Structure formats: structure tokens, C-alpha cells
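Consider the two complexes below, in which chain A is the common component and chain B and chain C are the respective partners.
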Partner chain A sequence: MVVGIISYNDADTVGDVVRRVSAGIAAHAPQGCLVLADGGSTDGTVKRAESAAADVCPLVTVDYSRPALDPLAAPYHGWYGRAAAILSVLRAASARTAAACAVIDARLTSVSPEWMPSLLEPVLSEEFDYVAPYYERHPYEGAITKSVIAPMFRALYGVRLRQPAGGEFGCSSRLLQHLLDQTYWAAKDADSGIDIWMASAAAVGGFRVCEAALGGRTHVVKEDPPDVSTALGQVVGGMFADVEARAETWQRIRGSQTLPVFGRSRGEMTRQPVVDVEPMLDRFRLGFDALRDVWAWIVAPRTLLQLKALAEAPAPQFRFGNELWTQVVYDFALAYRARSMPHDHLLGALTPLYLGWLASFVEETCGTGDVEDRLARLGEVFEMKKPYLIAGWRWPERFRV
Partner chain B sequence: MWVQLQRIMSEAANRIVKSVAEFVPGILALVAVLAASVILGVIARQVTMRALAGVEFDRRAQQWGLGKLGDWSSAKSASSFVGRTVQWVVLIVGILVALTALDAAIPSRFALSVFEYMPHVLSALIVLAVGSAAAQFFARAVLIGAVNMQIHSARILSFSVKWLVLIVATSMAVEQLQIGRQILTLAFGILFGGVVLTASLAVGLGAKDAVGRAIERQYDRAPQERDHLDHV
Partner chain C sequence: MTWHSLPDDPLWYKDAIIYELPIRSFFDSNDDGIGDLRGVIEKLDYIQSLGVTCLWLLPFFPSPLKDDGYDIADYNAVHRSYGTLDEFRTLVSAAHARGLRIIIELVLNHTSDQHPWFQRARQAPVGSPDRDFYVWNETDQRYRDARIAFVDSEISNWAWDPVARSYYWHRFFHHQPDLNYDNPQVLEEMLRVMDCWLEMGVDGFRLDAVPYLVEREGTTCENLPETHAIIKLIRHHIDRHWPNRLLLAEANQKPQEVRAYFGDADECHMAYHFPVMPRLFMALHLEERDAIVEAMENTPSIPDSCQWALFLRNHDELTLEMVTDYERDYMYLAFSALPEARLNVGIRRRLAPLMNNSRRRIELLMSVLLSFPGTPIIYYGDEIGMGDNLDLGDRNGVRTPMQWNGGRNGGFSNVDPGLLYSPVLVDPVFGYQAVNVEAAEREPTSLLHWVRNMIRLRRLFKVFGRGGIEFLKPANHKILAYLRRHEADVVLCVANLSRSVQPVELDLRDFAASVPVEMFGYTEFPRIDVAPYFLSIGPYGFYWFELRHGS
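And now, the complex of A and B:
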């Protein structure tokens, strides 16, 4: 069994992470091995990791090369060089013929020894192949995942993964070999799409998937996070690219299955952000005012009429219905596939719509405790409208102006 | 004397007949080439329009910012416009070839000079097409970027960028056509410089308070706008 920790200049946090992970390995799988995948840190990360692991758990260090940073590129919402780091961990696990492998981020401050059994026991004891994390988060955090990624995963890939783009994961040797056999690692946008790609590879590849409740997730933030538009473009772009690559498979999948959850909820809500709906509504209305001609190229005329009515609605009556949102997301996915316009333009035009959905979601669920039900209904509608996406995918000319 | 007159008349008649005999084939060739170019033009138009329909040119032209091609003429669509243009090009080439067939000195020189000029026309058309597509691309990029930066005058910004690129493209196309080179370059420089100077004066003098307030609003609003949600 191998637990990989991926790092780059994380001397501040890597010691704690290695200590806690080592404690978890020593308690639950004494024969386990720790692999530190480091991208050439210059701040003594490797030395700190080695001294933290000393006498507790064997530590092997492997290198990975971070891709050259493009000064003109938008800031990345996640871990730059993450794909290369995960690949080096998986290779190290494969070389050691590990029965199970887990990957942890060295910047985490919330990792605990209990994460090890949560991520690895389902593989070792229950023969699951992919263990996705399930973090406890504020109801309005991770809204891109909740509104687009998770419902599309459910409808298209047939698994109800709540956080398909989560950071940590566990996998079996069978899945590990399958992932290593793929060519995705060298893809241009592998860093932003790697988590979604691994989860979808497991979901559609005939592998057994489950979730592990890990409690809250906190990590050290080293750079300013990108704005919502950039993050949305990277995450949704990764999802759409995956949908395009797996078009042959998902069109044959019907229905969806709930997944078993290992571990237990700890009731740790790590953040309590202040949510202000008004600026989101302003951005939606500004978007409609300025971008309706662009949206007209992407969404169906009836959808555009509904968006017009929404833009004119006063705040108390502002409700972005599940059907409308599903239609919007599917139309954007079809436009992504049809190359109706450059992908960054297309994904940029989605931002005001997403903020409109989020504002409506907050208004509807604030104080009602109805968040999970609302998201479940959204997932149902995504499933129900899947035939529309399939039809648009197969006969795009019927859906064009 | 009668014999001499008869000989002169006969020689004159022979010369006329010979001239007509030399001219008629040219006329026949002209008529044949013209008829062929008319038929070829119609065929070329039909083939072009079918080929363009096959690659969904009208839809793509809209995306590339060439959707208004049809509005510039009586054509119903961009593909119809291109089809008609191809037909007219074939017809004009046919007329020039037909003039050359007459073997007259002036029409031949004219035809040759038109043929020599054609590359300039083609390069000007390419510059215009690329410029129009670039204008559409940059205008949309600026529009989407400005909306996501919550700039309320996003449409004006986008409109300005579009026309700036179109004006530059038009100037380059006219340069390719070698029409009034210096005058046009000078006029463009004066116009562009004038626009920049006017804008600078308007902002610096006329609207400095309004600009100041707008910048203040932007600075005041910035910390509030960044929500603290982790969206991913």
C-alpha cells in the first residue's frame, strides 16, 4: 500500500502532513509506504518530510517536473503541475506493486490519521477501485461542482458522486494500471481536468466507485485564487472536454446509482463565508444586457426568452429553475462540442448565468435546510433531460440557428 | 481606263472582304468566349453556393463576423453574395479574354493591366475578410471580459474595439489596392491621432470629474465585489 504526498515548496505544512499520514499508516497498515512526489522544492520541503517520517514510516522521494509557467496564462484555480505529480505517485505505487494507493496534498492543514483507513480500507477490504473524497462544506461553497459537475456526472456517467473534482482520492492497483495506460497525462489542460478525468475514468471504465467522508478540508493558500470566471472556465472546461472525449460511452448509460459512503461525518464546517446575493444578481442582469447576442448563439431561442424574463424579474421573484439551468448547461456543452465560438469565449459567457443560478439557489435555500434535496432534484432533472443532450450531440444541425 | 477602274474597285473590294474575313473570326471568338463565360459563371455560382452550403458557410460567416455580407448587396445571404461575386469574376475575366481575342491593341493592353492588378484586389479582399473576423473575435473577447469584470460600459468598449480593428483593416486593404496611398495613410494618421487626442482632451478636461468618480467607485467597490466563496 502506498500513500503519495504531492508537494512543491510546502516546507511550512509538509511536516505535519507527513506526521499525520505516517501515524495513519502505522496504525492501520504497518506495511505501507509513503511516497513524496516533489516538484523541485527549494525551501527544504524534502528534508522536512524526511525528518517528520523518520522512524515512523518508510519515505521514498520521487521527482516530477512542473510544466513551464506561462506568464500570459490565467492563474490556475488548483495545483499547478498536479497531473505530473499524481502520475509520479502512481508510477511509484505501480513499481512497488501496491494493492492500494492514496494521494494527499502537502498543503492540507486538516488531514488526520483517520483519513488513511477512510481512503484505503474500501479498496483493501471491500474491493472498491476508486474512493472519492466527500468533504463537509458550507452549503454555498463548491457551487460550480454542485451546479454543473456533480449533476453532469450523475446524468452522463451514471454515478452520484457529490464531489468528483475533490482533491484527495484512493484507488486500487487495477484502476492504477488502467490510469497509467492512458495518454491523458500529456494533455494540454491535464492539470485543471485531472481530478474529473480520473473520477470519470473509474465511473465509465467498469470500476467500483465509492465515497469517503473525510470531514472538513482546509489548506494553505499561497496565491490569490483566480476570479470566479477563470475558475468556472477551468473546471467546466475540464468537464466539457471529458464529456467530449467519452461521448461514445456516456450515450449508452441509462440511470444513475447512489454510492456507498465510508467513514463518518464529523460535523466540521471549515468555513462560514458571507454570501451576498445582490452583486450576483447585478452580474446576471449586466450579463443579459451585454451578452444576450452572444448567448443567442449558444442557447435555444426559448431559453433566451426565459432568461429575458428572469433578468426583468425583481429580486424576490428571481428563481432560476432546474429545467432552465439544465437547458443552459446542456446548450453550452453542445456549443463547446460544435465549436460555436472559441472555448474561452464560450466559458466566459457562462459566468453571469452561473452567478444567476447561485443567487437563486441561495435565495431558495437560505434558512430552509433544503440544500441536499434541492441538489438531488437538480440531478434528477439533468438525468431527465439527458435525451436532449444526446439528440443535440448526434444531430447538431437540428439544434443550430 | 475602265479596266483600271475595275481593277481598283476589285482590289478595294478584296481588301474589304479580306479585312472582314480577318475580323469576323475575332468577333465570333468574342461572342463564343462571352457566351462560355456567362455559362461558366452560372455554373461556378451554383457550384460555389452548393459547396458553401455543404460546409454551413452562412452559419460560420455569422460567427466570423461576415454575416453582414448579404446586407451589402441584394444577395439574401453570405453564401449567395460569394456565389454572385464568383459569377461576376468569371464574367469579367471572360470579357477581358474576349477583348484580347479581338486582337486590338488598346483592349489587349487594358486586359493585361487588369490581370496584373487582380493580385492586389485579391489580397485586399483577404485583408478585409481577416480583419472582419479579427474585429468580431476581439469585440467578443472584450465584451465577455468586460462583463466579467463588471464594467457597465462593456458594449461601448466592445463596439470601439470592433471599429478600431475594422478601420485598420480597411486602411490596409486600401493600401493593397494602391489607391491614393499617401493621402489615405495621411488621412488615417490624422483621423486616428485626432480620435486619440479628442478622447484624451475629453477625459482629461471635460470629463475628469466623472472619470475620477468612476475610478473611485471602482476602487471602493473592488473589496466588496470579491465574494469569499470557494466556488470550485
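And now, the complex of A and C:
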């Protein structure tokens, strides 16, 4: 069994992470091995890690190459070089013929020894192949995942995975070998799409998938977080690219299955932050004025008329319905596939719509404690409207004869 | 999962969709009037946008071009009009980067009479290895049972060489002497040629005129065991040194004879299905399915790893060699009212003119091509409905410049029109101002967009490339209906070959409780039960259904 920690200049956090992970390994899998995949840190990360692991758990260090920075590229919202780092860990696990492998971020401050059995026991004892994290989050955290990624996973890939791009994960040797056999690692946007790709590879590849409740996830943020448009473009772009690559598969999948959850789940945190929806509504309305001609290239005329009505609605009546949102997301996915316009322009045009959905979501759920049910209903609608996506995929609206 | 790279799948050709193009005709990048490799590179985005997965390049080697490049004078180089070896390498890597494979021609049977091997042979002493690179005889009376392929231009398979003072054997034009595979050095040289191109990254070879490699007295000199022995040696060499590469046999023979070119999966991976092609046209004209069903049911089974190559039209005439005399007469009457459309034993026309430019009939034939068992080949220009030019000799009328836009020379080249290798089409129906890629791109309902969608749809379902076929035989013979099955997938295809709406009752009792889902619009049709399943289909209409089990 191998647990990989991926790091780059994380001397301030890696020691704690290694200590907690080592304690977890020592307590639950004494034969386990700790692998540090480091991208050439210059701040003493490796030494800190070695020192923290000493006498508790054997530590092996492997290198990975961080890709050259493109000065014109938008900053990646996650870990730059993450795909290469994960690949290094998986290779190390494969070389050691590990029965199970988990990957942990060196910047985590919330990791505990209990995460190890949560991520690895389902593989070692229950024959699961992919263990996705299920973190406790406040209702509006991870809203891109909630609004687009999770419902698309449910409708298209047939698994109700709530946090498909969660960060940490566990996997079996069978899945590990499958992942290593793929060519995705060298793809241009592998960094931003790697988590979605691994989860979808497991979901549609005949692998057994489950979730592990890990509690809250906190980590040290070293770079300025990207704006919402950049994050949305990277995450949703990664999802759409995955959908395009797996078209042959997801069009055959019908229905969806709930997944077993290991560990104690408290679901969404009940504590709800105060969110001012007015700026989001303003951006939606401004977006409608500025982008409606662009949206007209992407969404169906009836959808555009519904968006127009929404833009004119007063705040108390502003409700972005599940059907409308599903239609928007599917139309954007179809436009992405049809290359109706450059992908960055397309995904940029989604931002005001997403903010409109988020504003509506906040208004609908604020103080109701109804978040899980609300998201479940959204997933149902994504699933129900899947034939619309398939029909449009096979015979795009604009090519009807 | 590919993510812009070529899947490591030894059976990739089963799922492939091949686009055939002559480099000379595709795009002229340097404005000398002749298409070139750089031109193909510049148009790779277009080719990729079609959804095809493999390019088949017609011969581009140094040649006197008396047979459109099939008269090769140097196997290891590129004709100077088309570019350089470096440009070829660039093309291969650019194509691979787009997920496109490349297969090229390997003319095993003969060379040009300008090839150094022939020039050396005609001067070498009788009986020497150099002389024996070709097939010589003192008279023109050997192998008299062998037929003449190009009956319109050749009267014998022997030609006199005044330098050698001997006759040499040629199954095709007299300027294409046949190589002598009884001389082991010939095969050694050919394997070296193959290695050279495989090293550059090509994904396979179309083995031109492969049945004629060896001659024996008292035979037709076609399909001889010695020829199959040569092919087995070639296949062994490929399998040993070059995994995932393809051999495609061009054997214009009856299916039972073509079957032998698959061997026990130890000869060619693929071979053309010649008999079915003319019968598709014939059935459509007769408005009844029988010719197609008969051709397919007479098709022998082939090893699991092998595959038929299917096409509607290509760079040659629509050959009628593999049909009966009655069928040939019918085809001539139905499709070549103009005598100049006939050539050798065939009809030298493109798809759209053969269909009188009927969009519905073109679509119907394309739908059959894309849903029949085998790998479809699309001839350049057919995706936009290009026409032909019967005023040009031989088969040049179907090899005119690709029509890219309505500008000078159809966007093919900026050269003075008089310097083009071939005139562009200018007639009011098929001319470049009426039929071109730019216009088709801008018109959402164009044939080009339709073809793209169909190709993409086919690619979603492995059953089309890998599944078997079973014909349903409803009472209405104007309806062609067949099932394609692969593993758990079942697809039902139904086509109306007639010009009027037709009813049909299909016996689908084996699929009782299944739900047909129409594949283009993802529309569920009524559930099947044990009673005959009724459909009505519009003129030249067709449906593809997934048969989905249960609710």
C-alpha cells in the first residue's frame, strides 16, 4: 500500500502532513510506504518531509517535472503540475506492486491519520477501485461542482459522485494500472482536468466507485485564487473535454446509482455564510445585456427567451429553475463539442449564467437546510434531460435538414 | 480513450473511416498548378473536421505519370512536383497529432519502364539476377490464359523491348513491366522499400494489383498459391517488425477468391469488397434490394481480425468486372447513357453524377456505406457532391482539382488556369462556383455537414465496424433491412430504395420487449412485440435504430 504526498515548496506544511499520514499508515497499514512526489522544491520541503517521517514510516522521494509556465496562460486554480505529480505517485505505487494507493496534497491543514483507513480500507477490504473524497462543505462551497460537475457525472456517467474533482483519492492496483495505460497524462490541459478524468475513468471503465467521508478540507493557499470566470473555465472546460472524449461511452449509460459512503458523513455543513446575491444578480443582468448575442449562438431560442425573462425579473422572483439551468449547461456542452466559437470565449460566456444560477441557489436554500434535496432534484433533471443532450450531440440543432 | 493520439489498438482499421485523396488533386500550396504534400498538410484541419480517421494517399513517388503515378520509377522518394521526403515526414507527424493515420500505395506487381531496375534488366545478360527482376520471354505466346485488364488500350500482356531483344510481361499498361517474384531479390528489395516508409511512420499499405504477382503456364496468372506465399512473407515481416500496421489488398476478384487474401489471418488485414459496390447502385436504380442481399450473402466469412473495405466511388472507374453480363448491361443502360462515360469494363463517373445529383439518393447510399459491415472509404470531393469531367481521357475525369471555394481555380491553386494539371470543373451544376467547400461550410444543410454528422454518429458505435450482419427479408422488396450485432449491441437499419413512401412489416419477434431508439434524434419508437413491427419510410429514407432491451 502506498500513500503519495505531492508537494512543491511546501516546507511550512509538509511536516505536519507527513506526520499525520505516517501515523495513519503506522496505525492501519504498517506495511505501507510513504512516497513524496516533489516538483523540485527549493525551500527544504524534502528535508522537512524526511525528518517528519523518520522512525515512523519509510519515505521514498520521487521527482516530477513541473511544466514550463506559459506567461500568457491564465493561472491554474489548482496545483500546477498536478498531473505529473499524480503520475509519479502512481508509477511509484505500480513499481511497488501496491494493492492500494492514496494521494494527499502537501498543503492540507485538515488531514488526519483517520483519512488513511477512509481512503484505503474500501479498496483493501471491500474491493472498491476508486475512493472519492466527500468533504464537509458549507452549502455554497464548491458551487461549480454542485451546479455542473456532479449533475453531469450523475446524468452522463451514471454515478452520483458528489465531489468528483475533490482532490484526495484512493485507488486500487487494477485502476492504477488502467490509468497508467492511458495517454491523457501528456494532454495539454491535463493539470486542470486530471481529477475529473480519473474519476470518470473509474466511473465508466467498469470499476467500483465509492465515497469516503473525510470531514472538512482546509489547506494553505499560496497563490491568489483565480477569479470565478477562470476557475469556471478550467473546471467546466475539463468536464466538457472529458465528455467529448467519452462520447462513445456515456451515450449508452442509462440511469444512475448512488454510491456507498465510508466513514461518518454529516453531509453539508449547516452553518451557512451570509452571501450577498445582489452583485451576482447584477453580473447576470449585465451579462444578458452584453452577451445575449453570443448566447444566441449557443443556447436554443426558447432558452434565450427564458433568460431574458429572468434578467427582467425582480430579485425576490429571481429563480433559475433546474430545467433552464440544465438546458443551459447542455447547450454549452454541445457548443463546446461543435466548436461554435473558441473554447475560452464560450466558457467565459458561461460565467454570468453561472452567477445567476448561484444567486438563485443561495436565495432558494438560505435558511432552509434543503441543500442536499435541492441538489438531488437538480441531478434528477440533468438525468431526465439527457436525451436532449444525446440528440443534439448526434445531430446538432444548426444542421437540421 | 485517445486524447489526440493514436490508440494502441491492433484492430484500429476495423473502426476506421478512410478518406482517399490524390495529392496532385487536393491543394496546391506553391501555385505551380499541381497539388502537393504541403497542400495536404495545410488542409489537415479540414480532413480532421470530416471525422475520418485515416488518409489513403494515392501514389506520390517519382514517376513518368503515364498511369497517374501507378508507374513508379523510384519507390523511395517523393515526386518532385509533390514535395520532399521531409515534407512527407511532416505530413505523417501532423496527421498523427490529429489522430489521423496514413496509408500509402505499394505497387508490388510492376514498376514503370523508367525504373532503374528495368533499365538495368533490359541490358543485363539473359539469366542474370538483374535481368530476372522482370518476366521475359522470347515470344508473346506464354501465359495465354491470362486476361487483359485494360482492353481499351492494350492488345497483349506482352511487349517487345528492342534493347533486351525480348518480350516482357505486363498485366497492365505496356509501360508497366511486371516484377518477377520468382526472383527472391525482388521481394527483398520490396521489403526494404516497405521498411523505409514504415520507418517514416506510415500506418499501412494498399497493395495494388496484388493477385498478379506470380505467373504460371496454363493458369490465368491470378490468385496463384505462389502469390499468396509472397503475401504471407510480407505479412510475417510486418508483424515481426512493425506492430499495428495494415495491409489492404486490392484484388478485384470474386469474393471467394478475395477471401484467400486474408489467409488464416496471415495475409492481408483488409481487402476491398468489389462485388457489392455496383450492386448498391443497381439495387437503387431497380428499387429493389435483391442484388445487394445476394452479394452480401454470397460473401464468405473472414477471420475475426480481418475486415472488408467498402466504397461507393474511388479514383478508378466503377468497375463492372465482378457482375454478371445481365447486370453489366443493366448498369450501362442505367448509369452511362453517355458512351464516353464507359471505360474498360466500367463507368468512369463520380457519385453525385451517378445519382443525378439527387441529395436523397446520395444520402441513402452513404448511409448504407456507413452501416454495412466493413471499413468505409470516402473519395475526396464526394463529401461535397463534386462532379466529373467526361471530356478528360482515361479516369482523369474523376481526378479533377478539389473545389475549395468560388475563387480562382476553385481555390485549388492561384496559378494561371492554363497551367493546372487538370482543368477545374466549370459546368453550371457541378462547377466550382456551385459546389465547393466554402459554400458547403456556410450552409448548415449542406451535404458536407450531413456527411460529417453521419461519420461522427457511426464512430460512436463500434457495432458498425466490428459487428456481423443479418438481413431481414420483409415482403416489400423495396425495403433493405438488416441487423448489425456486436456483443450486447444490436442496431437495426432500414432503408427505402424507392422514390415513393413505402410500408414495411419487420419480423422482430426475437427482440420482443425491446425498444427501438432512432439513432439520429435519439427518439424512442413503440416497443417491439411478437407481432410484425410496422414502419413507413419516405422516399429514399432510412432509419438506424438501437434496439434497447427492457424499459
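We take it that the second predicted complex is superposed on the first by the 387 of 401 C-alpha atoms of A that agree within 3 Å, B and C clash if a C-alpha of one lies under 4 Å from a C-alpha of the other, contacts with A are read in each partner's own complex, and residues count from 1 in each chain.
Heads up, the rule we're going with is that a residue touches a chain if its C-beta (ideal position, glycine included) is under 8 Å from a C-beta of that chain, and two chains touch if they have at least 3 such contacts.
Quick caveat: nothing in here was measured; it's all calculated off a predicted structure.
Taken together in the superposed arrangement on chain A, chain B and chain C clash. In the superposed pair of complexes, A:201 makes contact with chain C only, with no contact to chain B. In the superposition on chain A, A:286 contacts chain B only, with no contact to chain C. Within the superposed three-chain model, A:219 lies out of touch with both chain B and chain C [touch as defined at top]. With both structures placed on the common chain, the touch criterion links A:348 to chain B but leaves chain C unconnected.
Between chain B and chain C, more residues of chain A are touched by B.
In the superposed model, A:273 makes contact with chain B only, not with chain C.
When the two structures are aligned on the shared chain, A:229 is found in touch with chain B, with no touch to chain C.
Shared-chain residue A:143: touches chain B; no touch with chain C. The clash between chain C and chain B in the superposition falls on 440-448, which is one of the stretches 440-448, 476-484 or 530-538.
In the superposition on chain A, the residues of chain A contacting both chain B and chain C are 400-401. Contact residues of chain B toward chain A in the complex are 56, 59, 62-63, 137, 140-141, 143-148, 150, 152, 154-155, 158, 224-232.
Looking at the complex, you find that chain A touches chain C at residues 182-184, 186-187, 201, 245-248, 251, 387, 390-391, 394-396, 398-401.
Contact residues of chain A toward chain B in the complex are 77-78, 137, 140-145, 165, 225, 227-229, 231-232, 235, 271, 273-276, 279-280, 282-283, 286-287, 289-291, 294, 297, 340-342, 345, 348-349, 351-352, 397, 400-401.
Residues 1-5, 444-445, 449-450, 453, 456-457, 459-462, 519-523 of chain C are the ones touching chain A in the complex.
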